[in-house]
Each structure stands twice: as C-alpha cells, then as structure tokens.
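Common to both upcoming complexes is chain A, partnered first by chain B, then by chain C.
Let's look at the complex of A and B:
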C-alpha cells in the first residue's frame, strides 16, 4: 500500500460501516422470517397487502406531484435568478437558498403551526404545500447553476439563425438545461418517496406515506418486514438514479 | 465593382462602454458580393462592430442599413444575416444534421427541401459522412466546417465571420483560408470577416478596414494597404516595415536616415515633416559600396526560410531591417539602394503634443487632468484657458509610476530607426506621445514627468 492510498482509509472505514454494512443488514433481514430462516414471505406479504400497496402508490403519486410542482415553480425562479438583466443582486439567490440552511423538521413544524393558525384543514393539500416548500430550493439550485454557467453564445447562435426569444428558450436553453432539471428531480423525488416526518406533522398522521409504514414497522420491532419494504424503496430510488446516469452519459462534457 | 450597390452601410456609428470609447464615428460601405475584412489588434472594436451588424448590441449613435433599410433596432432573428461564431457555438444537444437544419426548420422550410439543402452544404464543406455525428466528437476543424455550413444553408444576404480560424492550427488555417475564398466565390454572398491576423486579411479580402482603438485607420484593397499605408499604425501593423521620421524637401524629394532620396510623392509642400515607410524587401543590398545611395554595416543576419533577415546600421546611425535572398555576413560593409516607387511618404498625424490647459497659478498649469509645474509666467491669469505644447522628446518616462506627475501605460510603440516613438495612455484615457531611446514594452506602467522649461504655454487660438 503506497503512502497516498492510506489517506483513503478513513473513508473506506466510513463507507463500510455506514453504507455497505447497513445495506447488507437490510438484505439479510429482508429475506429472513422472525425466526431467522430464509424466506420470500416479507415480499409476498407486501405485494398481497392491499393497504400497503395503496400507501406505496400514494407515496409515488405524492412524490411525482411534488416533483412536478417543484419543476413548474423552480424552473422559472431559476431562470429569473440566472438572468443578469432581471436579477442584479446575489442576495436574491441567497434568499432562495436560505431555507436549505434550516433544519427540515423545524421548518415542517413551523409550517404545520402556520396552517393551524390560518385554519387550514390538514390533509393532502397541506402535505403537498409543505413538501413543495421544503424541497423547492433543491430544485431551483441545480437548474440555476446550469443556466447561470450556460455559454450565452448558444442563445445568440439560435437567434442569429432566426429563432424568436421564445424559440431560443424552448429549442436551445431548455434542452441544454435538462441535466440541471434531472439533478433537481433526483434531489426532490428521492427524498420525497422516503419521507415520513412531513406527512406525520402536516396531515396529523391522517395520510400515511411509504416512509411512515417503514418507520412504524421498524419502531414496533418488525425488522424483517421493515427491511423488505426498505429494499422495495431502494429499488425505486435505484431506478430513478439510472435515469440520471443514462442522461449523464448522453450529456458528458456538453454543458 | 463600383457600380454594384452597397448592401451594408454603416453610418457614423459610435459606441462606448462606460468611459471607454469602443467605436468612434465609424462609417463603412460594403458592396454586394464583397469580401470585407475588419482588421485590427484586440480591443480595436472590430468584434463589437460585427456584433452590431448581427444585432447583438446596438450603437449609441449612428445607423446600420442593409439594402437601404435601417436595421439598427431590428432584433437579430429578423436580420438577413448569419454569423459564424468564434467558438462555433454549435448546439451540443443536436447532431451535425440537426445543427445545420436548425435555421431552416425555424423558417418552416419543407422537410424534403431541408434535406436537400443540408446535404448540399455538407458536401460543400466536405462533411458528407458526418451528418449523424455528435458535434462534440468532431475536431476543431470539423466543427468549424459545420458552423459555416449552419450559417450558409440559410442563404443569408451577408455572412459574418468572427475570427473563425483563430482556434485552428497553422496548417489547418491555411487550408481553410483557401476553402473560404473558394466558398465566397461560389456562393456570391457578401462576407464580413473579423480578424487580427494581417496575413489572413491580405490573403482573403477584397477590401480591408484597419481599425485601431475605435477609429478607422485606413480602408483599401490589400495591395493599397500594404504598399501605400496612410499612417504609421497601418504601416507597422501590416507586414514588416522600416518607419522613419523624414522631411519632404520639395515635390519628389524626401530626406530621411540622413540622406536625400528621390520619391514619387507630391503635394506635401516644402520642408514638411513626414513619416516615411520602406518595406524591408524593398531595400536593395549590394557589395558595391561605390554605386550605392548610402552605406551601412551589417549587424545581424538570420535565415528565415525564403529569405534572410538582416539588421544594418547605416552611415548616419539608423537601424534598418532588410530582407534579401542573399546573406551578408555581420560586419560587412554594404551599399543600399531604395527606388523612388518603394518609398511611401505619409503625413505625420502630429509633430508635437498639444493640449488645452488651464492656468492654476503663476507657475502651475493644468492639462491631461494633472497639475504641472511650469516656468514662472505673468502673461496669463489663473483660471485662463491656454494652449500647452510639449515636444515628444521632452517627455520623461520613469519606472515607478507613483513618482511621476501622471501615471500611464505604454499603449503602442514604433521603432523609428534611431529612437522609439511611444503612445502612452494616461490613467484618464488620454494620450501623450513620447520619443525616447530607452526600451519599453507594450503594457509597461510608467510615471510621466515633464521639466518646467519644456512646457510651452501659448494663447489659446480659437
């Protein structure tokens, strides 16, 4: 072992302890019954339990809706922030990013309190509002980043070739900013699928998300079933990240 | 060519960014089908002017006409021009074919015609087999070709090229120059080309516009610009040259380098100070000292491939550059001959620094935004406006800018055979011209001092 590679040792230990080992344990528990014997029973239980499947579907639905709203609100916001003509001050960017500095739990509790004070009925509406509030900065930032760094000669070339400002936007700037949108989707969609605290506080536990049932199962000692559910969720997240990888290969070195 | 109509007219265009003047009252006419080059050092305003024609940036004053229509305020997408950008700006999310078809699709050209036209230009730029390629996978030269194809496929009235060859290596650049020239001939459309490379400009252009610091220094054909430069800047910028101070004694007789020469220039008047340009290949060098016009001693001799480049010290102490097919060893005594037609005489832009100043007190005068000590005078009252003049050779430049009355930067330098003629830009973006024997480099920061006795104050002539 050369001297330099020893520097990697702390990271290797960290990865083994906090990434690899938990994953192995999840795999281990997911395919065992309470007695410790190998079984597919946990997965059979999940796929035959109508309630569990419905919760799972609802979680995906909420995550997709949240991501969609974040794109619709976040893209124009990032666009305005990255446009030097519209936004002349770096302070505005900080204002948009600032919520990211505050603990998500505290923000969620405060949001819930706010809805209570305003007299809103806690339910799916407040859940989505809270999620958008929590995750919007994670959508804005990667898009802003890519728009801000985009060589403006692309836009000039397009308008030189006869594109109106609207066509420049749709035919050049939107496609070129897709890597930023994909990163935004990763940073919003993945954590929304596994969230449980937000749904607990913002719906008063009326709406249960997938993260909630995992948490409930683990908390009540049902480690094997909980691990199986976690594995299902990991697969979903894995599929989403494949989306980014394929895009990355396509766009390598482009922007 | 004279009866062809002007396709582009640039009329009195000025532009400043902050307090820096980029273009100063520039007027240019471009004829239909012409290959016009905007040539000048970086920062001369050539790219700004090209971008204005394309529609990126508008002039502070003046107007730009295409086919007689004022397009000064027309957005870029409505202008009948296309641009080849310096760094190509090919769309990375589209392949070669889609990049070229981009403009045609926007103009709703039928699919089969797009296909026909794209294939035709691909053939023209010799990129036929590359239509499905990702633009990022192409070499610099290939990207260049696609960028040209993407512009000309739209059949613009005018093609604008912003230093399109600057990113290519020398060999590739030479090949592309020939292809561009050929393309211009075939297409018959007007090319406006921006470059800082004088050789490129001479090779390609029908007309060259030499720009410096926002001013047009000369407009002419490549041969005019090379053989008959109108001022020292053009003579120095285009090709190699010997630029010397001279005096027009009378018509067809000029004195420089300590000798009188017959020349072909007339109408300067008698005993008028002029600048004289002699190209290094126009000085005949021979061993026969007796029959020569003047003599010199070879200082250095360098082989340059086609010719030898020699520096000689003349009998009157001037240094000249000479190019000849024969080598003359250092320390050889040689005879030199310059033919009348090879001597280019130019009006001096100025023979002394003159400024409008203001008397501050009996021995203080203000000009160039600084206060200078002058010899005690009683002729003028404080606050009175006066004319101040300082000889080029009386301006002292010093190494430490903070020790000067004024700080400045060496902006341009010209070797005049036995001294340097410098243009120094002051901190307030004004110019002072200096003759010196000291060696300075472009960009050097200097302090500027003038001895009180060398500041000449006269009544302001109105």
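Let's look at the complex of A and C:
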C-alpha cells in the first residue's frame, strides 16, 4: 500500500494550479497598477475613498447584526428541536434544513418580491430581514446537531447536584454547545460579509455591500483594484477562521 | 404548557420562513404578469413553462440544460479525482499530508466570491478564454474537496488487513482494488457525488466570474440577469414551485426512511 501515496500527486498539482496559484494571483494583481508595475496605489485608493470605507463598514455591520439575530432566533429553535420532550416530529427539522438545499438566489428573490408586495420600503431593514431568512437554517443546523448528540447525563448530573434548570442551561448546556454555535457563526458570517447578488435584490440596488463593489470592479475591467478589495476581504475571512481555530483548540484543551 | 409554547415558536418561525415560497407558489397559479395581483385561477404559467410558449423560453431551457450538464460533469470528475486523491492522502505521512489537507480545505473555507475572483484572475493570467471549460474547471475546484472529505473516513475506518489478505490470496492489486477497496469506498463516493452535484447546482458566484462573455447561462445566472432586468419572468414562478416541492418531497422521504431504519435497528 505504500506506493499508493503517489496517487495524491495529480490532485496535489491540481490544487497548486487551481487553489494556490489563483490566491497568489490575487496578491499579485492587488499590488500592480494597470500597466503591470508594482504599486500600493490600489490600497491607498481604498483607504482614502470614503464611500468604499463606508461600504466596507456597512458590510461588516450587516454581517455582525445578521449573525447576532440568527443566534438569538436560531438557538432556541435548535434547542427545542433537539429536545425530545418538546418536539417529537422528525419532519420539523427537515423543514428547517430544507431551505439550505434551495438555490439562495431563488429564495432571496421570493423574499424580495414578498417584501415588495407587502409594501415594505426596500432598504436596510429588508436587507437584514432577507439575510436572516437566507441564513437562519445555517445557524440552526449545526447547533441542533451538537445539542442532539450531547450526552444527557451531564445535565442530569448537574441537576442532581442541585443546579436549577436555568443554571443547567447556562452552565452546562450552553458551554457544551459552543462548537455548534461557532460553526454556525462561520456558516452565517462568512457568506453574509462576502455576499453580492443578494444585497442587490433585497434593496433594489439602493444599498451596496462590499461584495458588490468587488464584482463591479472586476466586471468593468478594474482587475487590480478588484483584486486589492478581494485581498482585504480575504484578511477578514482569515481573521474569522483564526478565531474558530483558537476556540477549537481551547475546547479540545478543556476535554 | 412548555411544550405548547415551544411548538408555537417553532411553527411561527416556519410560517415566517416559508411565507415567500408559499407566496410564489400561490401566485404560480394565476396568469397575472405582476406578482401579487390575483387574476383568477389558471395553470397557464405551467403549460407555458412545459410547452416553451413564453418569452425567452429558449434561453431558460438552455440555462436549465447547462446547469444540469455542468453539475453532472463536474460532480463525476470530482468524484473520480477526489477518490483517487483520498486513497493517496490516506497513505501519505507528515508534511506532505499536512500541506495537501491544508490546500484541500481552502476552497471550502473561501467565500464563493473569492474563489470566483481568484479563478477569474487565473484564467486572465493564463490567457484562457472563458466559457464551458472554465466553468467546469472552477466547479471541479470547489467540489472535489467535499468528495475527498467524504471518502477519507471510509479509508480510516477500513481494516487495512482486508486488502493485504486479498493480495495474499492471489488477487492482483487491480483486482483487489476493484473487489475489496471500491465496495468499501462506495458509500463515501456516493455521498461525495451527491454533495458535489448539489454544490454545483447551487453555485452562482463562481459561475458568474468564470463564464466569460460568450453568453453562457446557468439557472442562477439566468435568474440574476432576469431579475435585474426588472421583475421575475412569470414562468419562473411555477419553476421555483416545482423545484421546491420536488426537493421537499425527496428530503422528507429520505429522512422518514432513515428514521424508520433507525427504529428497526433499535428494535433489534
């Protein structure tokens, strides 16, 4: 079986060509001007452009708010769904997971049309509401998964030792379910901060998010600036995933 | 009492979550061009969708074909590459294994827009004109990691002696691969294929950046352009409804079967 390790070679080459090289190219283009000379100009342009910075801040704000709302609405839902005493039906969890299988653009479009017909002013409110619509299932599912697999004897032990139900919830169940919450945060925050088409539908192009600016620049041939903006987004994503890793280590360390 | 409130919360959430889709489904049964305007029950939109008697139906049909074709080709190639790669990775050690696992994780962690932009820049850099081939290559890029991760656990769970035993009993390596290894890996390959297929069907951003300017449309990009032109083509309402009901039925059947199988296992 030892020679089998060479079987990974074609895929390794593929990964270098289609994953590593493209990411290096983002860096390459980000530090070039249109003529191909080295420059910091693209970043200077971004950090001195008030509109771009505001859009960037708004994207972060919307992503954080969306993630927060999804936790607040999703945690109780996941908790109820995972609790055999409160929920006996296997169909309800399918109903919550199913939107994950439907094209996000279609779901968003349906939501935007409904808001339109109900006479809501398309803007930041509908943007946030629509995002919650789109991403709530992605928060509920990982939390549900971890709550469902959780060993019930921990909670029983805590109440045997005199903890009130409230204490059992906050001191035992919530900390044990943190890995689920963190993967929920990753699955909601990352797509929200990088979205582009969704925000256009939900605000009727009134509000631009960071992803839209990247897309507009790439599509209008401003590759270098677009690449620089992508690099900024990559940094945000990198920081978020580091957060996840450090939390993971913490949890593993505890157990 | 507690149970009552819990059920209320769950169903309230579901009603709100499903309102837009139900709304689209209801209005797929009326002819009105404008959504939200009920002009009497009619199945005309459905007939239009199936007979192709609508504006721009040719491009919608070709978008659906493209979506399925791209998903099928990308998922098949991903399953092949991913399975071979998983066997290789399983037999690797140390730094090399770490490096390839790290690279394999990147497409799953990267937001779609970054994958899209980075591949766009790659094709620009290599002067490759964009179209079907680049879209399929891009889809293989973000699908294969899921196949690798579906197949790897099957390899770690496998008893390595089984394969050795086949060789000792006179099987050629290829025969042992086909008769011993492949059946063990098959469930992982199937779930990897299904994952890859749905990821590809669902994709919008990566396709958007790698399809070039030859007018190649998948369902997602078609809907995107259509909606930006001002409102949804009425015939998309029955299409969304059909897709939705189909997936719902499929998922409920799969899950009920799983639940029944689990019950049977428990009974034993």
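The rule is short, and it goes like this: the second predicted complex is superposed on the first by the 240 of 255 C-alpha atoms of A that agree within 3 Å, B and C clash if a C-alpha of one lies under 4 Å from a C-alpha of the other, contacts with A are read in each partner's own complex, and residues count from 1 in each chain.
Just so it is clear, contacts are C-beta pairs under 8 Å (C-beta built on N, C-alpha and C of every residue); 3 or more make two chains touch, one makes a residue touch a chain.
Owing to the predicted nature of the structure, the values given are computational and were not obtained by experimental measurement.
Visitor: Following superposition onto chain A, is the placement of chain B relative to chain C best described as a clash or a fit?
Guide: fit
Visitor: Should A:163 be classified as contacting the first partner (chain B), the second (chain C), both, or neither?
Guide: Only chain B; A:163 stays clear of chain C.
Visitor: I want to verify the contact counts: of chain B and chain C, which reaches more residues of chain A?
Guide: Per-residue touch count on chain A favours C.
Visitor: Given the touch rule stated above, what does A:35 touch, chain B (first), chain C (second), both, or neither?
Guide: Neither: A:35 stays clear of chain B and chain C.
Visitor: May I ask you to decide whether A:154 touches chain B, chain C, both, or neither, giving the answer as first, second, both or neither?
Guide: First partner only.
Visitor: A:226 contacts which: chain B (first), chain C (second), both, neither?
Guide: second
Visitor: Once the two structures are placed together by chain A, how many degrees is the angle at chain A between chain B and chain C, based on Cα centres and rounded to a multiple of 10?
Guide: Between the chain B and chain C centres, as viewed from chain A, the angle is 80 degrees.
Visitor: What does the superposition give for the shortest Cα distance from chain B to chain C, in Å?
Guide: Comparing every C-alpha of chain B with every C-alpha of chain C, the smallest gap is 13 Å.
Visitor: Give the list of chain C residues in touch with chain A in this complex.
Guide: Residue list for chain C touching chain A: 2-3, 6-7, 9-10, 13-14, 17-21, 23-24, 35-36, 81-82, 84-85, 87-93, 96, 100, 103-104, 106-107, 109-114, 117-122, 124-125, 137-138, 140-141, 144, 148, 160, 163-164, 198, 201-202, 204-205, 208-209, 219-220, 223-224, 227-228, 232, 240, 243-244, 247-248, 251-252, 255-256, 259.
Visitor: For a test of understanding, state which residues of chain B touch chain A in their complex under the given definition.
Guide: 54-56, 75-77, 81-83, 85, 87, 89-93, 102-103, 106-107, 136, 150-151, 154
Visitor: Going by the contact rule at the top, pick out the chain A residues touching chain B in the complex.
Guide: Listed in rising order, the residues of chain A that touch chain B are 151, 153-154, 156-164, 167, 171-172, 175-176, 178, 251, 253-255.
Visitor: Can you tell me which positions in chain A touch chain C when the two form their complex?
Guide: So the residues of chain A in touch with chain C come to 1-2, 4-12, 14-23, 25-26, 28-29, 73, 76-77, 80-81, 83, 85-87, 90-99, 101-107, 109-111, 113-114, 116-117, 133, 136-137, 190-191, 193-197, 200-201, 211, 214-215, 218, 223, 226-227, 230, 233-234, 237, 241.
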